[in-house]
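For clarity, chains are labelled A, B, C and D in written order, and residue numbers in each chain start from 1.
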Amino acid sequence: MEAYKNFSDVKDSTSSEEHPRVVLPALCHKFYGLGWMYGTGGALSIKCGDKLFTTPSGVNKDLVKGEDLFVTTVDGVDIVGPSPEKRLSKSTCTPLINAIYTKQKGVGAVYHLHNTGAVMVSMLSPGVEFRITHQKLIQGIKKSNSEKHFDYYDTLIVPIVENKSTEDEIVDSLLNAMRDYPETSAVIIRRHGMYVWGPTWQRAKGMAECYEYLFNVAVKMKQLGLDPEAIPVPPEGAYT
Amino acid sequence: MEAYKNFSDVKDSTSSEEHPRVVLPALCHKFYGLGWMYGTGGALSIKCGDKLFTTPSGVNKDLVKGEDLFVTTVDGVDIVGPSPEKRLSKSTCTPLINAIYTKQKGVGAVYHLHNTGAVMVSMLSPGVEFRITHQKLIQGIKKSNSEKHFDYYDTLIVPIVENKSTEDEIVDSLLNAMRDYPETSAVIIRRHGMYVWGPTWQRAKGMAECYEYLFNVAVKMKQLGLDPEAIPVPPEGAYT
Amino acid sequence: MEAYKNFSDVKDSTSSEEHPRVVLPALCHKFYGLGWMYGTGGALSIKCGDKLFTTPSGVNKDLVKGEDLFVTTVDGVDIVGPSPEKRLSKSTCTPLINAIYTKQKGVGAVYHLHNTGAVMVSMLSPGVEFRITHQKLIQGIKKSNSEKHFDYYDTLIVPIVENKSTEDEIVDSLLNAMRDYPETSAVIIRRHGMYVWGPTWQRAKGMAECYEYLFNVAVKMKQLGLDPEAIPVPPEGAYT
Amino acid sequence: MEAYKNFSDVKDSTSSEEHPRVVLPALCHKFYGLGWMYGTGGALSIKCGDKLFTTPSGVNKDLVKGEDLFVTTVDGVDIVGPSPEKRLSKSTCTPLINAIYTKQKGVGAVYHLHNTGAVMVSMLSPGVEFRITHQKLIQGIKKSNSEKHFDYYDTLIVPIVENKSTEDEIVDSLLNAMRDYPETSAVIIRRHGMYVWGPTWQRAKGMAECYEYLFNVAVKMKQLGLDPEAIPVPPEGAYT
């Protein structure tokens, strides 16, 4: 990998405000504010033309700068990296991120987040699936490999895979879960967080927000004795 | 609809700081921060003279810009829209927003929000009403079609209508709920969110905050075994 | 009351950064962010020399500007007000704020807040007192009319008075509670919020934060079956 | 201690953006936003070369400025202090902070925080230890006096010492807890908060976030009837 020198070599294809070197630090800051990227955890990746821009490993995500990103081809060939004196490493999530770009159609952004809602529902779901139905924000979730969205009346199912010590060890589980649930745009890692993806960084961001909202609503429902999977019956005299 | 060109044609009637093109993006950002506009959901609308300014559909609301708004007459005739190359669509909430402007007197702003408190109380209320009494913030709610506010001792009632897949399908329910509850300044959409309105964008904002505060207090009360509808009795020796 | 003209007549006694016209809007914004000033509720007041600066009534508190403040003498004589065309009114909390400045010694700031923690503990406390002991943040509370602070081992007692429709009707209750609890730096208004005061705006701010922290900890303790009033016993082998 | 005059005498060793006089106020602001530094509580300290930079006592931490810091040697000799007219005092946490720098190897930053999660788990843990296992963010915690991190499968143990009226009285307990738990990078003070440390300010910050995340997850687990110490068993058909 050649040393990263300046921004000019990557700044030509997009306007500056929408460039991954501007967007990714801003997203890191926003997701940190939502509590999804504490410690040095998580990783964000945006595909821009034939290049992948990805946040580095082991850095406080609220402190990531545009110059810290790793730029590779979709096949994993290094194009540009941060200055060597920064001693940054590629994200340990790289194999999982690449697996998602490779196996799913039309993905433009992949985020790995340590969102508490995903962790809580992974502990409250005894099996390998999180399920919820009859929530407006289900409609904010796009079916992967398709242009369709889930409907309000659908049961949204998110597969849950077991966590391991390293991200490498989760790759096969992620691949198997994506194979078994081809419509899902997210996979929960139990007691860890989630991977979520979408056709653009904006749509992946919106879906991340909807998934975490739905996880948190499900936790609150369980605290109050309500079942997120149950199909509700409108009351007598309902406005329908 | 003619293409949107620049701001000068709509900037004459108000000072820049109070203009809907400045206010609406700022409100979107504030409500996103409160967790009410995740995904691309929700819609905000301000009436300015005889023009309605409304946020577009399908855009992350924390990223909305002043130039993205749709400007129409109160009768729904297009005046100005965003640049066609942005490929933005009018909010799917437009028929509901217009119904509120048409049926309620003196409305200057309508907000559609995906606030979790509204969703939670809609699931905890078995019938078609949310009720709470003896809370100071009840007094922050204006009676619609009137200049009076609710009183501390009143029972605030907010009608709840059932959700459907599309906003279009909710129009009749909203109209019926507004007919049956002429004093309400908000309608809850079950498992979805709420519509709230007021005479100015500031007062509609204040009421949105009061409603969501009251919903959240009611949820906390139920978690702690308290009944939001019960009339409290002061203890012996109370300071009254 | 003469019309407010410019800042120069009140800017001489303090440096600009610490002036109430700078501090109060910043505090409003901070307290709004903490969820203590939703709707148009609450009021903040700072004493600067022989002048009281107080936020106006009926304005969204996150939108208050320095020019919106009312300036009076401690005896309630008007000195400067906002521009008449703004049609602002004095805070309805004025009689309570003045009662606190008059009855308590060395008060430099009074805040009236609609903090949820105060409302929740007022509903969970069957009598006229909130009580908590053995919490570090108790030591952040100064005894009113004294330079001493409460100790970790003390039981912090905050009197609770009943709410009424108007602030005017609460004045006597507030006076009686301050008479009966001369050491308290705050009074809870049931199902409403609290009044809190201190020798400077900074110390009143710190105490507001400590009180609300303690209220929230007490609510969480009750949710988990713990008693905020119980004196804890260190376990065997404790590090003491 | 000589009076503090200007920044030039301490600005030579690091770039301005990374200087403790820039970093510590920014950290105070960030931790205040997370609810860890209400009132005037808490203290942050960074080691820069052979100098310790520490926040002052009794100041609202969200209002701390770079010029307010106390600079000492590691042995406690005063180098630079804030302007005398500011009447600031050294942090009462100084003896505990110094004890950590002295007893632990390679510490570059020590933070004392009043985080609610630490307080809640200290009340829910009947003994002298907080324990949690099988959580991804456990891997964000470095073993003190070592370059290794805890593993996902490890049980993270954080010692809990009893609180006293003054920080001075806790020094021995802290020393004993550090002696008994040489791998811990944090000590919980019951009903008070925690001390946390790391080799750099960034890594100590990341660990503070991971600890508080884990405390909060443990509280939520207990609210939902789950045991943070139990070793989970993957369900049948798990993706492993």
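Heads up, the rule we're going with is that a residue touches a chain if its C-beta (ideal position, glycine included) is under 8 Å from a C-beta of that chain, and two chains touch if they have at least 3 such contacts.
Source: prediction; values computed, not measured.
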Between chain A and chain C, the fewest touch steps amount to 2
The chain whose C-alpha centroid lies farthest from that of chain A is chain C
Fit chain A to chain D (C-alpha, same chain sequence): the rotation, rounded to steps of 5 degrees, is 90
Chain A and chain B have mean C-alpha positions lying a whole-number Å distance apart equal to 30
Cα centre of chain B to Cα centre of chain D, whole Å, reads 42
Touching two or more other chains in chain D are residues 223
Contact graph of the chains (line, ring, star, complete, other): ring
Chains touch in the following pairs A-B, A-D, B-C, C-D
Note: in the complex, chain A contacts chain B through residues 30, 134-137, 139-140, 151-153, 202, 205-207, 209-210, 212-213, 216-217, 220-221, 223-224, 226, 232, 234-240
In their shared complex, chain A is touched by residues of chain B numbered 35, 38-41, 59-60, 62-63, 114, 116, 119-120, 123-124, 126-128, 159-165, 173-174, 176-177, 189-193, 219, 222-223
